[in-house]
Amino acid sequence: MPDRVSCGNLDFLPALVQLSHKQPIIAVCGAGTCDPATDTLAEQVGHRLAKAGAILVCGGLGGVMEAACRGAVAAGGLTLGILPGSDCSAANPYVRIPIATGMGHARNVIIVQTADIVIAISGEYGTLSEIALARKCGRRVIGLHTWSLGQDLHGQLHVIPATTPDEAVIRALEEIPKP
Amino acid sequence: MPDRVSCGNLDFLPALVQLSHKQPIIAVCGAGTCDPATDTLAEQVGHRLAKAGAILVCGGLGGVMEAACRGAVAAGGLTLGILPGSDCSAANPYVRIPIATGMGHARNVIIVQTADIVIAISGEYGTLSEIALARKCGRRVIGLHTWSLGQDLHGQLHVIPATTPDEAVIRALEEIPKP
Amino acid sequence: MPDRVSCGNLDFLPALVQLSHKQPIIAVCGAGTCDPATDTLAEQVGHRLAKAGAILVCGGLGGVMEAACRGAVAAGGLTLGILPGSDCSAANPYVRIPIATGMGHARNVIIVQTADIVIAISGEYGTLSEIALARKCGRRVIGLHTWSLGQDLHGQLHVIPATTPDEAVIRALEEIPKP
Amino acid sequence: MPDRVSCGNLDFLPALVQLSHKQPIIAVCGAGTCDPATDTLAEQVGHRLAKAGAILVCGGLGGVMEAACRGAVAAGGLTLGILPGSDCSAANPYVRIPIATGMGHARNVIIVQTADIVIAISGEYGTLSEIALARKCGRRVIGLHTWSLGQDLHGQLHVIPATTPDEAVIRALEEIPKP
């Protein structure tokens, strides 16, 4: 397993991860580079998601994705990285399960389809594509300092706004469709 | 999380799964329907993989995939299902982490790229495509009662044969490239 | 070729299509169902694109996609349909070259990457995803009665607005990056 | 359209291509590099396919793909290149319509699904994956000096053998399923 060992300069120990079929899978979307304030927001979102028992899925690279994974791992959470490339070694060091799609931007579709709900943090065109694809696939989107798209014909906001990491995670857990 | 809750008639309890960056990810490939003898082989492969500390990745559906996941879960292992469809509810009940690609047969590429090595069990054209894609992507393939493809120009077998589940798992662990 | 013959109730004759390496490939994006006014806009865009010598690429289904193809074919143009499904028979009858991706919404990435520039007409979340993916991939987007996304940090509009089919096509041809 | 203009050192003129809905789409699969003898075989296959009125679809790169496109273009045929990368400029100069999938090996699925039938010429693991995916998708495969896979449980050969380019094209046209 050279790929993942090569990103093995990890500062966390092997972990016991609690798994059950009651756990939601929640996507965190955002840019591959970000400023320190956004990094902190994303890390806090990841930490709270893990504390709440959610599995975090993201694009597996840097920036918002890495910060969210870092936060989740610090809280003992499980992190999935749906990578654009074909080599798991591109995953940030906090991705516990890397998935090497080799499909470039098309992997954004896999991220949102795999998630029960999506939290978008800041971000640019890639994040906008994930918001749009999530909505197209019937997933709700919680937005934290991200694209504001107004409302649909029924007066519902395209993106549900949150102002803090706590609020984003609470709204995400509330908005997951019930079985 | 309606999708996974809808496959929630599970006969296993929430589990503590040990995760570390020393764990290999090993793919098990085979047909979506299979006879009882093949089912038993696949279940034993999955069980031994989990006992050996490997993460199992597969296509997430029935037949060989379900049997391998059943065996792995019984041994406390972690199972990833890279699904062809866009709905996690199509996963067999022993998939702990479903990935909804929505990409049809193209998901076979993701399975083999995500794995360190591939074990192919019986199977038909889909399995043959996974063997070929694995080899194309530089992954070795252990074969258990599957396609026999002869040898390459250097006299190396395209598929490394095994005759029992134990042998397949031992060879898989041996053949994973060292960092 | 049963798939395409099954959509063979065509009202146009075999055509001689002029091909040269000077022809741009232009994407037309929009919803799979649309009202008559939008249908007319899309048909006119397709017609003008073909008159201008462009190859039209789209998602190959109904609504805006079908109207644009209808307009292009009426002007002797070439139309590519990048289909979400695995069966060419889902293409609208004005698609001359169907491409069966079987990749669902991920085919939106292929549409915009194949195009030199994108014209978005009306549309909903799918169209928004194509706008975002186009921008992510460095393609400019001309918008005709579609999502208005404001401007970027450099004061440039994310979507270049047009008010008529003629203006949309003229702007598209102007905005294609020069070699 | 810088991408395609950048591969504009073409030795062929703009062409009038005859399009009708009676034309089959036939895939030619083979390795991205090949010896001169295989190059000649592939060029002859492409030439005969175009003479027979078929549209050629391939992976758009070099070797067998380029030779087949060269032969088809010399006979006035239409050639589609389903590229693994996200940049049309990687297409060989005889691809008239490049499709930039950005999906790596997963583009093999698109090639075979788009075709009515597949001709495999020589080739290695990539070609084997295309043979397997074609069969999985219900497409017949004509083989010219390629993988020999024996027969299925009903005594039918997995790959229909041909020994010359003429025979390969004649068999391909014969074996296309009738509507």
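In order of appearance the chains are A, B, C and D, and numbering begins at 1 in each one.
The working rule: contacts are C-beta pairs under 8 Å (C-beta built on N, C-alpha and C of every residue); 3 or more make two chains touch, one makes a residue touch a chain.
These figures come from a predicted structure and were not determined experimentally.
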Chain at maximum distance from chain A, centres defined as averaged CA atoms: D
Same or different for chain A and chain C, where same means more than half of the interface numbers show up on both copies? same
Could you work out the angle of the rotation that brings the CA atoms of chain A onto the matching CA atoms of chain B, rounded to the nearest 5 degrees? 180
What's the distance between the Cα centroids of chain C and chain D, rounded to whole Å? 26
Mean-CA-position distance for chain C and chain A (Å): 31
Hey, how far is the Cα centre of chain A from the one of chain D, in Å? 40
Two or more other chains in contact with one residue: find those residues in chain C. 86, 102-106, 109-110, 137
Treating touching as the only link between chains, describe the layout with one word: line, ring, star, complete or other. complete
The chain C residues in contact with chain B across the complex are 86, 102-106
Residue numbers on chain D that touch chain C, as the complex places them: 1-8, 10, 13-25, 55, 78, 80, 82, 86-88, 96-103, 106, 109-110, 113-114, 116, 137, 176-179
Which residues of chain D touch chain B in their complex? 103-106, 108-110, 124-126, 128-129, 131-133, 135-137, 147, 149
